[in-house]
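Each of the next two complexes has chain A plus one more chain, namely chain B in the first and chain C in the second.
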Partner chain A sequence: MNEFVFFINNVVISGLTIGSIYALGAVGITLIFSILRFAHFAHADLMTLGAFFAFFLTAMFPAVGPALGLPTAFVMLPLAMALTALAAVYIDKGFYKPLRRHGVKPIVIVMASLGVTLMLQGLIRMFMGTSSRNMYIDDRKGIHRIELPFDLANRPIVLTDPQIIIIVLLVIIVIALHLFLTRTRLGKAMRAMSDNPDLARVSGINTDTVVKVTWIIAGSLAAIAGTMLSLDVSLKPDLSFHLLLPIFAAAIVGGVGHPYGALAGGFVIGFAETLSVFNWAVLLRPWRDFLWFDLPPTLAFVPTEYKITVPFFILLAILVWRPTGLFKGKVL
Partner chain B sequence: MALFEATNVHGGYGGMNILNGVDMSLEADEIGVIVGPNGAGKSTMLKAIFGLLHVNEGEIRLRGESITNADPVALVKHKMAFVPQEKNIFPTLTVEENLEMGAFIRKDDFQHMLDKVYSFFPPLADKRHQPAGELSGGQRQMVAMGRALMIEPSLILLDEPTAGLSPLYMSEIFERIITINKAGVGVLMVEQHAKQALKIAHKGFVLVAGQNRFTDTGENLINNPEVAKAFLGG
Partner chain C sequence: MLMKLPMKETLMMVALAVAVLILMQVMGTAYGVRVLVEASCYAIIALGLTIQWGYAGLFNAGIMGFVAIGGFSAMLLTFPVNQRFWDSELSGELGIAFLKLIAAIALVFAVMQLHRIKVPRSIRLPIILIVMATLYLWVVNGFAPVTQGIVSEFGFIGGLGLPVWAGWLVGGILAGTVAYFIGHICLGLRSDYLAIATLGVAEIIKAFLKNSDWLTRGTLTVSPLPWPVPGASEVGFVMARALYLSVTAVLIAIIFYLLHRAYNGPWGRMMRAIRDNELSSSAMGKDVNQRRLEVFVLGCILMGIGGAALATFNGIFDPNGYLPLNHTFLIWVMVILGGPGNNLGTIFGAVFVYVIWVMSEPVALFILNAISYLGDMWFAWEAPSDFSSRALQARVFSIGLIITLVLRYAPKGLFPEKVQHHH
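So, the complex of A and B:
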């Protein structure tokens, strides 16, 4: 039973948490791709930027969270989202829009987004330094231990505040995004523009507004993902390097251009990571007498420090066997 | 005042002109048909009217107001609609969502227009919640025309509405075009099926090499032996 609890803590909860974070990043990438037809490489940096905005706000008003019984960075999240959305809109205005107006090939804008990556990383390091930071300033991470009512289980299920928040937030976001895309005028216009940008223009859809809304959504979701990940672990300036590959893998696995595919892709990548670094020896230990081999103390598919290779291999596999992704998206 | 007038229109892609001085005019409630050989600039003319390619010389007016090189969104606000020849629907959106996108600029209640479009194109009414991409070619064309009608246009531009359709569907689409026109919508269309199209046309424009070769009523063009021999297959 303890082994099962260990599995829940290390695979189910971790997978749901990291999967939610990847999903939020991947939805942003997929939305930007469907509307603007380019792979936005600076997306992970928007996530980092969002986390830094949240950190900055937390540092300014550290007492707000404890007063409300919530992590301060979470209370500051709406403001951080607004700032990140604003930054995303202006990054588009300053760097991508002039290129679009000249009618350049998408690859040129992809390169521009690499430039934006480097710029944002430089800016973040310039203002915040290179050390990793704790998002909790006047408060502490709430950790919940849930004791199971079984005699055999003497270990608790462990959940942290940020884990609960991100999973709940993701459910709310999925419902909100679905309603937005299927019920509202602008959401439908986004889908229309993804389907056929020329016809959208001919129909009188204001494509500039649709582009702006896309950046606002992508930027806000990036801020949520970045902040919650930093709350759960810690805030590092090189966060984006660890996020870039998994979120792109998630978007491609789900089928580029499919918001729901991106959500599914996020969880595929998240669970693949947690399952492959999970120490299976723990689960096998109760049956060690029946095994034909000696059970080593650790038995994982991939050592933790090579976790990043997992999304890489999933990405390769998908590109080789099913390049349109699970949900038949566009080919990048 | 004519609903629509184009005088001496020159235009094309890059520096190259495809249109070398096209003149057209259309009264409200008229159907105008542009015919001519391949590469004559028929579709190019429609795109030039709708601001999708640059007019280098000449003027285009809608109700006397110059709309030369106006932005498509502005033209939609002027109650002009365009149905491209290809890729003229949003395939993953439902039929009804396609129609709603046609009404994107409308802030008022457009339910009556939805009803009207379904009465123009009854086959669409049953399929309103189906993705438009799943429909047959003829029905897609109906979705495309319905989408354009949502702004209650005074002029609708149709680029080869019967391209790739079976003869049965072709006459059905022509019938719808007459119905739409009778409801008070000016129609300017490009057609490969020149003879059938000129039959329903009040005005016909035969373009060759980006210039008007013949401009007359549809009936006169059909009866003109020179036109018939060169452009209508005898």
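So, the complex of A and C:
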């Protein structure tokens, strides 16, 4: 049974955590894709920026978290979300809107977003240095060990605070996003604009407001994802480079322009990554006498250093077999 | 107007020549020639990008990967042969591992053809997946002991000891092959997908080169790579580098001439038509995706050759030295600043941007030292210990700023594309 607990710890829990983070990033990408029709390459840097804001606020008020019994960075999350959303709105105003006004091809805006990526990366590293940081300043990461009641397993299931928080948060966000998109005027306007921007404009929808709201949602979700990821691991300035490919793969796997698809895509990519670097030899060891081959000490599909290939090959596979994504995306 | 344009371009060329001469005076001739050689290698890579972006409007965000393939090929083909490895049993075992790989690929293809013997789809997919997973593990476990043995006994398999031009040529061919597969998958889809896929493939190529110690020595790096011309120990630094520069200059001249002919010929006209109005050119009967694939592969071949020339000149193959900033975004700046679709502008942009890039490091450090000195003197402010590494990040920021500003205010670059009209 210990092997099974190991599987739960290394695959189920970490897959859920990383899947939720990818899902939050992918929802933002897919919303921008469907409203503004371009691939926003600077999204992973918005995540880093959000985490950076959270870290900054934590360093300013380190005692808030311990007083409430929660990680300080999590308590500061609403503020960090607001700051990131503001930054996203102003980045759009400064760099993408003038290009849209010019009526350039979407691919030129994609290039501009790569320029924004570099600017954000440069700024973050200038202010924060290039080393990684611990998000916990006055408090420590809460780790919960759940002992299993039966005797077969003597290893506990390990859960950390940020892992619990991100999974709970994701459920809340999904419900809120669903209600927003289906019940409110703005949400309906967003869906209308993603279906047909010209028709939306002539029927009196204020497209500028819709664009702004899109950036606010995308920016806040990016801040949540970035903060929770750096709470779970650590805050690295080059976080974005490891996130960019998985979140794009998640958005495309789910079908671009499809928020629920992006959620599913995030979990597909997250679980694919954890399953492929998982050492299957551990699970097979109890049955080693029945196997027809010698069990090697490590039997992982992909060595950890090649983890980045997993989202890439999933992306290629989906582009070959089903370019619209699992849930028929709108924009192709 | 027609008289004014060459004037402006001539002036800019003269200004560039003066800048290079000043660089040589200040930093020494040997250093100046080195910068020029590196700039010329970058110019080859930038020409590859200008035909992708300028001629056809394709967004390649993974230039680094193709440059790295070129460098890898230059290393593998030209580095002296490791005779001890080829005499040992491990070379045979490596051959067996490769045979397993080929057999596995053949089997996967065979399984993919199951629909021909009327196997229903619902059974086919699981069969394909299981066969692929099993064969994959079989191949990987076939390679693992051999490659580990090679690393522990010989370091790496060594090169093939072929002449330099072969390494550069194969670098181009390898880069083109990778580009063919990527382009084949992505070019029929939205233009953004190509950018995402190339970005990913560049990271994967780097990860592969960095971690395949048996093939590339990984982080230990391989040096010295042989040069196509006499080295510095025989004829001195300046002369050796000048000879190398003449080789790359001849290469650029050939590429420039061929591209110039192609651009003004029917092929170039067709590419521009596809770029400017995809719909109407496909209505005219042009196979848009096929043509784009053509130009994408061609551009990547040039990138591979340029990358090979760059690695050979540096004399060292270091997979960790390939950075998106230096080998993707810097080249983007060269092309969009110089003028996409204008070959002369691209070469100008390459030399101009590279000279500034090289100079920006000492300048940035100088400014930051001044800031930290003054800050210390006036406000007793102590600079953080990693101040200089942070200072260099200012270059990352400036590259990003230049990209966004040029796109907004000068989308045609310094040398706008000139389309010849035949009346």
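The rule is simple: the second predicted complex is superposed on the first by the 329 of 332 C-alpha atoms of A that agree within 3 Å, B and C clash if a C-alpha of one lies under 4 Å from a C-alpha of the other, contacts with A are read in each partner's own complex, and residues count from 1 in each chain.
The rule is simple: a residue touches a chain if its C-beta (ideal position, glycine included) is under 8 Å from a C-beta of that chain, and two chains touch if they have at least 3 such contacts.
All of these numbers come straight from a predicted model, not from anything done at the bench.
Chemist: Quick one: chain B and chain C on chain A, clash or fit?
Modeler: When both complexes are placed onto chain A, chain B and chain C end up side by side without any clash.
Chemist: In the overlay, answer first, second, both or neither for which of chain B and chain C A:A39 touches.
Modeler: A:A39 sits against chain C, while chain B stays out of touch.
Chemist: Taking CA centres, what is the chain B/chain A/chain C angle in steps of 10 degrees?
Modeler: 90
Chemist: Of the partners chain B and chain C, which touch A:S203 in the superposed model: first, second, both, neither?
Modeler: So A:S203 only meets chain B here.
Chemist: Counting only touches as set out at the top, which of chain B and chain C does A:A112 meet: first, second, both, neither?
Modeler: second
Chemist: With the two complexes superposed on chain A, say which partner A:T130 touches: chain B (first), chain C (second), both, or neither.
Modeler: In the superposed model, A:T130 contacts chain C only, not chain B.
Chemist: Thinking of the overlay built on chain A, is A:F61 touched by chain B (first), by chain C (second), by both, or by neither?
Modeler: A:F61: touches no partner chain.
Chemist: Between chain B and chain C, whom does A:F7 touch in the aligned arrangement: first, second, both, or neither?
Modeler: Neither partner.
Chemist: Figure out whether A:F180 sits in contact with chain B (first) or chain C (second), or with both, or with neither.
Modeler: After superposition on chain A, A:F180 lies in contact with neither partner.
Chemist: If you count the residues of chain A that each partner touches, which comes out higher, chain B or chain C?
Modeler: C
Chemist: Considering only the touch criterion stated at the top, classify A:Y260 as touching first (chain B), second (chain C), both, or neither.
Modeler: neither
Chemist: How far apart, in whole Å, are the nearest Cα atoms of chain B and chain C in the superposition?
Modeler: Here the least C-alpha separation of chain B and chain C stands at 17 Å.
Chemist: So in the complex, the part of chain A that touches chain B is made up of which residues?
Modeler: 185, 188-189, 191-192, 194-196, 198-206
Chemist: Note which residues of chain A are touching chain C in the complex, please.
Modeler: By the definition above, chain A touches chain C via 38-39, 41, 95, 98-99, 102, 104-108, 110-112, 114-123, 125-126, 129-131, 241, 244-245, 248, 252, 296, 299, 301, 303, 305-306, 308-309, 311-312, 315-316, 319-320, 323, 331-332.
Chemist: Touching chain A in the complex: which residues of chain C?
Modeler: 57, 59, 61, 133, 136-137, 141, 185-186, 189-193, 195-197, 199-201, 203-204, 207-208, 210-211, 324-325, 329, 332, 336, 384, 386, 389-391, 393-404, 407-408, 411
Chemist: Which stretch or stretches of chain B touch chain A in the complex?
Modeler: Counting only chain B, the residues touching chain A are 50, 52, 72-73, 76-77, 82, 84, 87-93, 97-98, 100-102, 104-105, 147-148, 151.
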